[in-house]
Amino acid sequence: MSWLDETIMARKGVARGKAGETYSITEESQGKYHYVYGAFVDPVLTVDPGAVVSAETHDAFEGAIKHETDSPTKLLNFPYLNPQNGPIYVNGAEKGDCLAIYIKSIVPRGPQPRGTTVIMPEFGGLVPTADTALLTAPLPERVRKLDVDAETGVRWNDKITLPYEPFIGTIGTAPEIEAISSLVPDYYGGNMDLPDICPETVIYLPVNTKGAYLYLGDCHAAQGDGELCGVAVEHPTVTTIQIDLIKNWTIKTPRLENDRFYMTIGSSRPMEDAARGAYRELIRWMVSDFGFEEIDAYMLLTQCGRVRLGNMVDPKYTVGASVLKSIVGVAN
Amino acid sequence: MSWLDETIMARKGVARGKAGETYSITEESQGKYHYVYGAFVDPVLTVDPGAVVSAETHDAFEGAIKHETDSPTKLLNFPYLNPQNGPIYVNGAEKGDCLAIYIKSIVPRGPQPRGTTVIMPEFGGLVPTADTALLTAPLPERVRKLDVDAETGVRWNDKITLPYEPFIGTIGTAPEIEAISSLVPDYYGGNMDLPDICPETVIYLPVNTKGAYLYLGDCHAAQGDGELCGVAVEHPTVTTIQIDLIKNWTIKTPRLENDRFYMTIGSSRPMEDAARGAYRELIRWMVSDFGFEEIDAYMLLTQCGRVRLGNMVDPKYTVGASVLKSIVGVAN
Amino acid sequence: MSWLDETIMARKGVARGKAGETYSITEESQGKYHYVYGAFVDPVLTVDPGAVVSAETHDAFEGAIKHETDSPTKLLNFPYLNPQNGPIYVNGAEKGDCLAIYIKSIVPRGPQPRGTTVIMPEFGGLVPTADTALLTAPLPERVRKLDVDAETGVRWNDKITLPYEPFIGTIGTAPEIEAISSLVPDYYGGNMDLPDICPETVIYLPVNTKGAYLYLGDCHAAQGDGELCGVAVEHPTVTTIQIDLIKNWTIKTPRLENDRFYMTIGSSRPMEDAARGAYRELIRWMVSDFGFEEIDAYMLLTQCGRVRLGNMVDPKYTVGASVLKSIVGVAN
Amino acid sequence: MSWLDETIMARKGVARGKAGETYSITEESQGKYHYVYGAFVDPVLTVDPGAVVSAETHDAFEGAIKHETDSPTKLLNFPYLNPQNGPIYVNGAEKGDCLAIYIKSIVPRGPQPRGTTVIMPEFGGLVPTADTALLTAPLPERVRKLDVDAETGVRWNDKITLPYEPFIGTIGTAPEIEAISSLVPDYYGGNMDLPDICPETVIYLPVNTKGAYLYLGDCHAAQGDGELCGVAVEHPTVTTIQIDLIKNWTIKTPRLENDRFYMTIGSSRPMEDAARGAYRELIRWMVSDFGFEEIDAYMLLTQCGRVRLGNMVDPKYTVGASVLKSIVGVAN
């Protein structure tokens, strides 16, 4: 039996974690990509639980940065950044439910060098920004274009090649009444930039509005913890997900599971608040679905909880807190 | 000559700071109040610069909390909180311009006790919240209903009556592509909860989209620095503002002036980032419009800058940084 | 009756707030100034409660910066900064007691220009620091030497003269077992840089160890909220304080009172934690000494509490939270 | 060749990473344990570089908590917590040098149940504290006593046994002029609570004062990222380290290496500042010793840097930032 058969998705999903109809969202069928997470636009696709959707994602700059001599500040047009595929309307999804998204694969596409990372003014973890507003002069702009290949990896320079470890930087549902920039991570998902949101993972997202309105985009070919300069190895992909729906499982913030652990995801500022949010939800999950008493879960995680820093550069910082399945067993 | 004649509004506004046509937005003409700042809805009013608008504002709970025995968690329906009047479409306003709003008066309305403050779970500066997520049990809910009178003040108890010092808790323009909860303060204004946004003040707001889409609401009869428990003395009012438009004055975040000082307003987390943002903008303003060199402005504000804490309870904290007109003179 | 006669110092102090013997600590009698707050050194003076002590304080740079062409990084020798007078041993003081320090006067001394403010690398509120460690290049060093006169004020330039509003930047008792840099503010006082610690104020400091070991220094001729660039108008002074002792009044962090308000002082990071600490102590004080119920104090301060930002540049940020005597009455 | 032979310790240490004389610090020879990091006390031991020292460490409560029915608040006497062995005076060590400490082994000692973890009021990551000062009531105290065995692990309950993964919670050198509580982590090391400081690791510590004055203690049998409730599985041990000295290698904050990676350690608040500090030092290290250009190191770490959260509960939070040796090669 695969770990997938034991997932909450498989056991509680409307489609029981089974693949249903397949769809693809091409650049052409997507048409206009989106820069906000909200329910003010028409869905690009309407599906039943079980649907397998392959989406042609753009990189975070919508392909605008083509050469190492390009100037990001000249080519980019804030807030029209981080283009998203979707929204996908999921039949039967209502506020209080939960989407379960099984990430099947991420495949790079487009001509080489497909990968892009840049230094831009007022953006990044070690420079002044609109939030951490200081007087010192920005670093010079810089663009790196990188060959990205699923087999051979991400070529940094003659000496260094990083493994291709792709994940979805931005994925989430529409807020109930808001439409929020795809640069922001929050309770509905969004721009979490958390490397654990990778193939062979199931991510659970709160449904806030009828149909859920699922968006995704911003796939990274590699990223360190924190996404330090603010821009991972951005690249266009074909990303394939399987969408399931869990009725009446009301979660406040995104969660995920893979073959090894359960994780909760917090996005906030300062960073300790992101960590607090993630850990509190993990404790609550251990209480509701694993039979722990709250204080015991708190004390146990003190000894074995794991923290993954997603981003330390976006409008909210993102932290994942996890616990091994080998310790807590399988969720009820 | 009044201080008003020397304001930036008076000197640079399309209407030269002169009152134009008068309008009123009643509960009836407003109809549906709004819970997000965005341009996805139809304006309730379209005006030319100079317009004087009187709006019947609701309290932050839309009047739902009527008795001290009421339960906020039962009566309130998140995220349908902090109802806003508007949007007001300002003719001629375009991205890159600035609205100048002169606050003429705030008059309490409705039957006594008009004032409401409450303790709610997961909200407030000295309790665990969704952001500062802790495990300790919430404080018990509590509701205080208070007599609010423009002449006699806010009656707290037999011994304590606070002066009536009203201000607009939430005011701002629509973001360019987003629609953000009226509970949030940010670069476009919103739920700043800053007591300096009071009568006899001109507040300057960035225009992010054609027509500006001005919203306002959430007037407070009294509030301490930080709005500690999260809920000031909320009350319904008739609030009268005069709207002017400054073409091509591009400001990043809200600013204000009164007869004594110029202020910039930063909203961020952690609180030091809100203070940094406010102070950096104040320095930039002193450089662009008052003839200071940047480092000199930085050093001078070190000796005479003033900080006002707006809120320490909303999704972003709000800080105003100001400098006296008697020190820096009048803006060019 | 003067406000002083109603202070907690006057009502509960061993000396009843009455002046006792007078002492002076000259540069010569001080000899070596100190750079840590601790009880590892011999007192420079031993006094009974009631003692009036005049101390010749150095500026924060011990006078090393004499000309505008001086280079702070060459002349300053970290951590030998912020020299302190003391320690003063207070007879009868024991852990769990409280010192009450009435600040009688601060008089500038030394040849003009007596005032100094500087820009130094890695220090200040709007630049990268050792704590907010970024990659952008520091601002250029700069020194301003300023004429400081008690009557005519602080001359900034031809156009701007600031009022002389002196206060004690650094004052406190020894920790119980630690010896902490005089650059740090914390529960025992220290480098709070809070302008309310000025003449005609009584500051209350926890006694952590037998004799209290009172230190003081770092007087500022003028300072804005936050001490933005990190260096106020530093100047040498003769500072005169009257020292009283309140037995068995155990306070966790510094408090103060003047003729208008009661204040509690919090020092922490991030800034919201400093504000939380100050406000929580103020609530506890209102409960223990003013007859308030905790929740009522919390709700009332929401409507009328005031926040003063001391510093946003030191190893901990300092915030004062206050409430008017006209609202809460006089402490029991 | 072992990875140890390639360490900076082995290549630059005075003792070339070779073991010299052996010493032991027993409870008896230690006598009084210490609660501050400082140079105000006499060394318990004076050694040459190369010395191998085995120290009988106490648990963080000095063994005071023996039963699950004990009350921490009654038994513990703040600030006399986290007892430390040492100081060890290292001959030849001077300000500007660096200690290299190779952690050879940690062996649990004392009668079972040796392990202790507790919930105490005002301490922990998900409760109000002296810093994050809130009004909500503390969690109830709780004590867990746990069997700890190097072979069989840490027995949590009938179902859960955690692996024995010991590390040194607190280790560091004396500050130059301060004496700081052993509860605090900072630039000299101290209470970092970072699980990577474990056997088969070399940690590098700045020397701030002649002789270095090395302290250590507070060994943990298991700990999750962040040490969530504030108390790991504390236990008494025999900890064996080998001490080397690198002359004129001036580092600002602790670093470490093991067979897989190089790490820098930042301690600050808020947590993003700890992460910034760690990452900036890692970039500087890559520039000085691995031949990277600063911006290239910044961009590369964006793609492959790793973050480990040590503690989110101490007076400063601790974060380690690391990069794989397989990516950056071996330090010059």
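Residue numbering begins at 1 within each chain, and the chains themselves are lettered A, B, C and D in the order written.
In the analysis below, a residue touches a chain if its C-beta (ideal position, glycine included) is under 8 Å from a C-beta of that chain, and two chains touch if they have at least 3 such contacts.
All figures in this text were calculated on a predicted structure; none of them were measured in a lab.
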Message: For the interfaces A-C and A-D, which has the higher count of C-beta pairs in contact?
response: A-D
- request: Tell me which chain's centre, taken as the mean of its C-alpha atoms, is farthest from chain B.
  value: D
Query: Once you find the CA centre of chain A and the CA centre of chain C, what distance in Å lies between them?
result: 48
Message: Rounded to a whole Å, what is the gap between the Cα centroids of chain A and chain D?
response: 34
Statement: Within chain D, the set of residues that touch 2 or more other chains is 126, 132-135, 139, 269-270, 276, 279-280, 283, 298
Query: Can you name the residues of chain D that touch chain B in the complex?
result: 126-128, 132-139, 270
- line: Residue positions on chain D within touch of chain C in the complex are 35-36, 38, 40, 79-80, 130-135, 176-181, 187, 252, 266, 268-270, 273, 276-277, 279-281, 283, 294, 298
- prompt: Tell me, which parts of chain B touch chain C in their complex?
  reply: 117, 119, 124-126, 139-140, 142, 144, 154, 156, 159-160, 162, 222-233, 269-272, 275-276, 279-280, 283, 295, 298-307, 309, 312, 317, 327, 329
